[in-house]
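I am attaching a structure below and will ask some questions about it afterwards.
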Amino acid sequence: MKHIPQAALSEIPSHLVSVSDYAKHAKSFIAADIYEYIVGGGADEVTLRRNRDALDNILIMPQVLTDCTQGSTSFTLMGETFRHPIMLAPVAFHQLVHPAGEIATAQACSVLETAMTVSTLASQPLEAIAQELTGPKWFQLYVQQSREFTLQLVERAQAAGFTKLVVTVDAPLHGIRNRAQRAGFELPEGVEAVNLRDRPPLPSRVLEPSQSIVFQGMMSEVPTWDDIAWLLTQTKMPVILKGILSPADALQAKQMGVAGVIVSNHGGRTLDCVPSAIEMLPRIRGVVGREYPLLLDGAIERGTDVFKAMALGANAVMLGRPQLYALSVAGALGVAHMLRIIREELEVTMALAGAPTIDSISAEHLA
Amino acid sequence: MKHIPQAALSEIPSHLVSVSDYAKHAKSFIAADIYEYIVGGGADEVTLRRNRDALDNILIMPQVLTDCTQGSTSFTLMGETFRHPIMLAPVAFHQLVHPAGEIATAQACSVLETAMTVSTLASQPLEAIAQELTGPKWFQLYVQQSREFTLQLVERAQAAGFTKLVVTVDAPLHGIRNRAQRAGFELPEGVEAVNLRDRPPLPSRVLEPSQSIVFQGMMSEVPTWDDIAWLLTQTKMPVILKGILSPADALQAKQMGVAGVIVSNHGGRTLDCVPSAIEMLPRIRGVVGREYPLLLDGAIERGTDVFKAMALGANAVMLGRPQLYALSVAGALGVAHMLRIIREELEVTMALAGAPTIDSISAEHLA
Amino acid sequence: MKHIPQAALSEIPSHLVSVSDYAKHAKSFIAADIYEYIVGGGADEVTLRRNRDALDNILIMPQVLTDCTQGSTSFTLMGETFRHPIMLAPVAFHQLVHPAGEIATAQACSVLETAMTVSTLASQPLEAIAQELTGPKWFQLYVQQSREFTLQLVERAQAAGFTKLVVTVDAPLHGIRNRAQRAGFELPEGVEAVNLRDRPPLPSRVLEPSQSIVFQGMMSEVPTWDDIAWLLTQTKMPVILKGILSPADALQAKQMGVAGVIVSNHGGRTLDCVPSAIEMLPRIRGVVGREYPLLLDGAIERGTDVFKAMALGANAVMLGRPQLYALSVAGALGVAHMLRIIREELEVTMALAGAPTIDSISAEHLA
Amino acid sequence: MKHIPQAALSEIPSHLVSVSDYAKHAKSFIAADIYEYIVGGGADEVTLRRNRDALDNILIMPQVLTDCTQGSTSFTLMGETFRHPIMLAPVAFHQLVHPAGEIATAQACSVLETAMTVSTLASQPLEAIAQELTGPKWFQLYVQQSREFTLQLVERAQAAGFTKLVVTVDAPLHGIRNRAQRAGFELPEGVEAVNLRDRPPLPSRVLEPSQSIVFQGMMSEVPTWDDIAWLLTQTKMPVILKGILSPADALQAKQMGVAGVIVSNHGGRTLDCVPSAIEMLPRIRGVVGREYPLLLDGAIERGTDVFKAMALGANAVMLGRPQLYALSVAGALGVAHMLRIIREELEVTMALAGAPTIDSISAEHLA
């Protein structure tokens, strides 16, 4: 499975014309086990496929002859202005695919006026990444067993200028990543969660024979709703939960003061056989009301996908894997090109659908 | 991707027995990049496939032992008599696939008593094409930014004997034609929109950084409903809008005095992920009433397809890509053979379905 | 496409264990163009596939621990006793696949106590075939343009001991058999519709330019309901119509005195894109009432298929193509073996479904 | 088709990470005809595929941030305590794939605290297998034509410590196992139903010509509801019926005093075209009430599958073919590893779904 990837390109080949082209092309630029780790989903990848298929099955109803001269993708959300609704989702370890890592990704975001969410598991210091970001920057937080260390991360993020805390709640354990396991994936030397270097070691634990390595082992170290409640008391940064599919969970988040929710199944990477994010989106919107901030993450790779998510109630969407594919192929240049493709696709979709502003996109534009 | 096509044939091989055979066979007769440009659809081709699949999923309910001796495919529409309801849709640049271009296509139409719609983007002068056409001839108009030049085109079409103006409204920009882009398609030397030679240059435009190349750029040069209203005041030729999927748009067209509508998604070539034309047809028929002229364009390639469209409310159908496939294989002879195949298939379908005249075809003949 | 078929076998290979095994195996024993002619359906074979898929999608609800010691597949229909409900459909030209032709097929039927329907287009004299048949024998009639010659055929059939006339009504013309056309199929020398040798020539006919070769040509020579009414006055043999899908047509047949109906779409060989026979069966049963004789033809190749058809209202089923496949592989022995397979499969199905007699099979045994 | 299998491994390759990996890997460790016999289903395998597809199409609704520290898979059923709800189904002839046979399987069960159901058709003495089993052990009974011999088997099972009798009712005959027939499967020398060695020979029987080898032959030797009623009077061991899909049959079983039912279609191996076990499960649960013991057998190979079955009303599930796959690859070690995989997958699923105990799993955890 191991292979020697090609060196990343310094210009973009003319046949790379869509986000999915980057996914295919990236295979030559990423070591085989790492590629499998990135591209794969949980178990049998039922949910991974469903994320894509559910988007494809939603139809847009175009309207012709609309005046688009005042068209724009700009909007504001939770006090911040966004040039367009396509953000980068938190993704761990960008140096897995390119030595310039998150720094390069951040540079591309600044050029394309794209908001970025930096992962707790970034392979570069969060402060260095923040420095490259001229637009909205959010920090993704894995709540740590040590509350003290959790607060240190929050304070570093705030000091570095991040404006929101995105707490991932759907991956307390890795799930059943058979594809990565079969490929023998492991973190290569030199790639590291540098922002966790000072993390205190976990207390050692001995399980009794009747105890489970899952329930009494791994799951005993991960956050619950109580930890979210605690976190809300510790910071003034708005907290957003990422990884919710259940309308009940979304309502609970809203009621405890969480600032927003990212509807997601972790890109089909944790529990398999759960619904696609896009099919749960309108149900969650129905429960939390029209004004509550909702984002959608999962399989977005076309301007039409973005449009569909907005029409079904999302305020914005997040891109995950495509940032690594584009980064692997051509570094910052690749990420910028990939972002330009999908942003222009969104504009073309809005024009042809007859919904030239973000506010004008609604379920009436779906068939 | 480039290849040297075979010279077009001067007789028809006996294994070419259906319209789709021409699609397959054409691959050897068209340069690779041009073939990809013709055959491809927008983005992921969800709509391209849906056009075909939606037709396949409609079932005909046959009736046996019907007297067909008075059978006929003739009918009249908007004051013209048609020998059968299979027209040629406007298709740009026939010389892309055969040097005889639109002239040859027109000759085949005359032999098979088939109505042709000549494109603004024809590769030969509209007057020369008109001269070859003995049956109904319509002119497809792309409304130009210069109203003066638009009117010049209208006047030329009228002078050449065209009887209807078909204004295409679903392709103000090219859409996301990834397949053609990947193949590196560009218009070859010698193939040109000759009817636009005198078009005045577009005014130069400089976008501000906050402006969009889509909204404030390309879309600012394309027509809106106001331009259609203007056009209706400038000509006595009946105006038909091509490229409508939304019932509301169809109703608007009818209410402003547009003479008819062609239900179409541009063969799946512009915005991807929109409904198939055939699935919108009965809904549009429901809105515009029984008498309003409606045509259907999109994936028609069988006599059964024509029958289904008629049963769901179309007055006639249009063939797009097949004319280029047949032209590439055997010039005028190929187009004539292709038209004969589908016309006879329609007659066989009408006979076996027990609906031997155009007026007798109704939704009761579907299962 | 042409190939030299293997000589038919004189014993059955042990890996031929299902009817569909014969379909696959037959490819080596039938000339390529003839194989394509037999196996193919009309146009794009939408209906051919639907016949099979519709059967697969019907589910049987098994009942356990049923006493089957009185089990039997015997039943009576229209005054005749059948050992089991699997008949042979009329199939033209058995000598296309084996020199022993219909004679061999008939011998197999007698061994397996299977009713056979001999085609007007048999390649051997109907009297010779009749002589080999010890069980129920029906004659399929294509009504001829010459009423006199039609009556000659009826009289010959009656004289030879055939008990029913099966009038095929769904194939007044060949349909669009593209697969056979592409393979260049034509009737080989020595294979002939011997029972039509004395047919008077068709009157010559010259079409006017405005007339259609389909409507005023071929369809003017084929029967209508009037001809069926006439035929009913000319013979005391019960007349059964084969090739009805429309409930209205079935009702019309019943009301005019037709003795029974065979629900069929000619094995998907004439008009494409019509419903499967099995999906129309219960609707037709609903219209004609519980007692009217109904048979089902189309894609039957498993004991479970037979059971499903019976549960949905058929009194018996007909096998078409499988008789040719089996005949090609091993002559009469092959046909007998094929019939034994499906008859035993039916018995196993009845046993495991808990419906051990023909009368006990009902829609309650479906899920 | 025959091949020489590799010798079973003594350690587990790192790329075997799921139950389905064992299915693929087993192909190198099992003789070809035996492999086909094991992996195959009845006839066209419609039901075999449906068993898998129906499970894949059920979606789990995850709940986040749940406290799992008290999580456990333990439960009690019919007076016995189970460490987890994944049992081994009765499977004949383990020595087909490994010389250590059922003894090795039993050893793995004891290590993984897994309940085993030993088949009447075990290739080793039921007493020897029982001795290896430290957890719950059930005995599967094929009711024999000789009631005396049937009771001998029951007494041996009881004496060996088995606690339940699992009477298989859905395979009175083999069904149409075409795949095994085509592969020429037969029981190899040295593999034998050793527990039936003393079975009295069946009385010889001569069928009349009008009698059926199925109805008056094979089916006359198999049990009916009367035999179940008789068996219930002969033993105090709880009797469970395995192989019921019909709610009426399940209700009948409950009403006559049968202790529980295993919803199953024999792994798609007997009658094809019946519903999947999982789709019948909730309907059967609806009929027998909340407290009646129900197990589910059929295509289970993921922790998510187990969870779905429990959510739809099963008290436990059974694994069939996977035990042979794992046994073939690495003997007892393989079976133990395979069981550990699916048990941990179940725990991960419960944790991520927010249902950390067996009692908390309900249909509300499905989407």
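Going in written order, the chains are labelled A, B, C and D, and every chain counts its residues from 1.
In the analysis below, a residue touches a chain if its C-beta (ideal position, glycine included) is under 8 Å from a C-beta of that chain, and two chains touch if they have at least 3 such contacts.
To keep track of the chains, here are their UniProt names: A, B, C, D = Alpha-hydroxy acid oxidase.
Since this is a predicted model, take the numbers as computed values, not measurements.
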Query raised in the report: Which chains contact both subunit C (Alpha-hydroxy acid oxidase) and subunit D (Alpha-hydroxy acid oxidase)?
Result: none
Query raised in the report: Does the subunit A (Alpha-hydroxy acid oxidase) and subunit B (Alpha-hydroxy acid oxidase) pair touch with the same residues on each side or with different residues, judged by whether over half of the numbers are shared?
Result: different
Report task. Would you kindly give the rotation angle relating subunit A (Alpha-hydroxy acid oxidase) to subunit D (Alpha-hydroxy acid oxidase), two copies of one sequence, based on a CA superposition and rounded to a multiple of 5 degrees? Result -> 90
Query raised in the report: If you average the CA atoms of subunit A (Alpha-hydroxy acid oxidase) and of subunit B (Alpha-hydroxy acid oxidase), how far apart do the two points sit, in angstrom?
Result: 42
Query raised in the report: Once you find the CA centre of subunit A (Alpha-hydroxy acid oxidase) and the CA centre of subunit C (Alpha-hydroxy acid oxidase), what distance in Å lies between them?
Result: 60
**Report entry** Multi-partner residues of subunit B (Alpha-hydroxy acid oxidase) (at least 2 other chains)
**Finding:** none
Requested in this report: Could you please write down every pair of chains that are in touch?
Outcome: A-B, A-D, B-C, C-D
**Report entry** Interfacial residue positions of subunit D (Alpha-hydroxy acid oxidase) with respect to subunit A (Alpha-hydroxy acid oxidase) in the complex
**Finding:** 14-15, 17-18, 20-21, 56, 58-73, 302-304, 308, 344-345, 347-353, 356, 367
Query raised in the report: Mind pulling up the subunit B (Alpha-hydroxy acid oxidase) residues that touch subunit A (Alpha-hydroxy acid oxidase) in the complex?
Result: 43-44, 46, 169-170, 172-173, 175-176, 178, 181-182, 184, 212-216, 219-220, 223-228, 241, 243-246, 248-249, 265, 270-275, 280
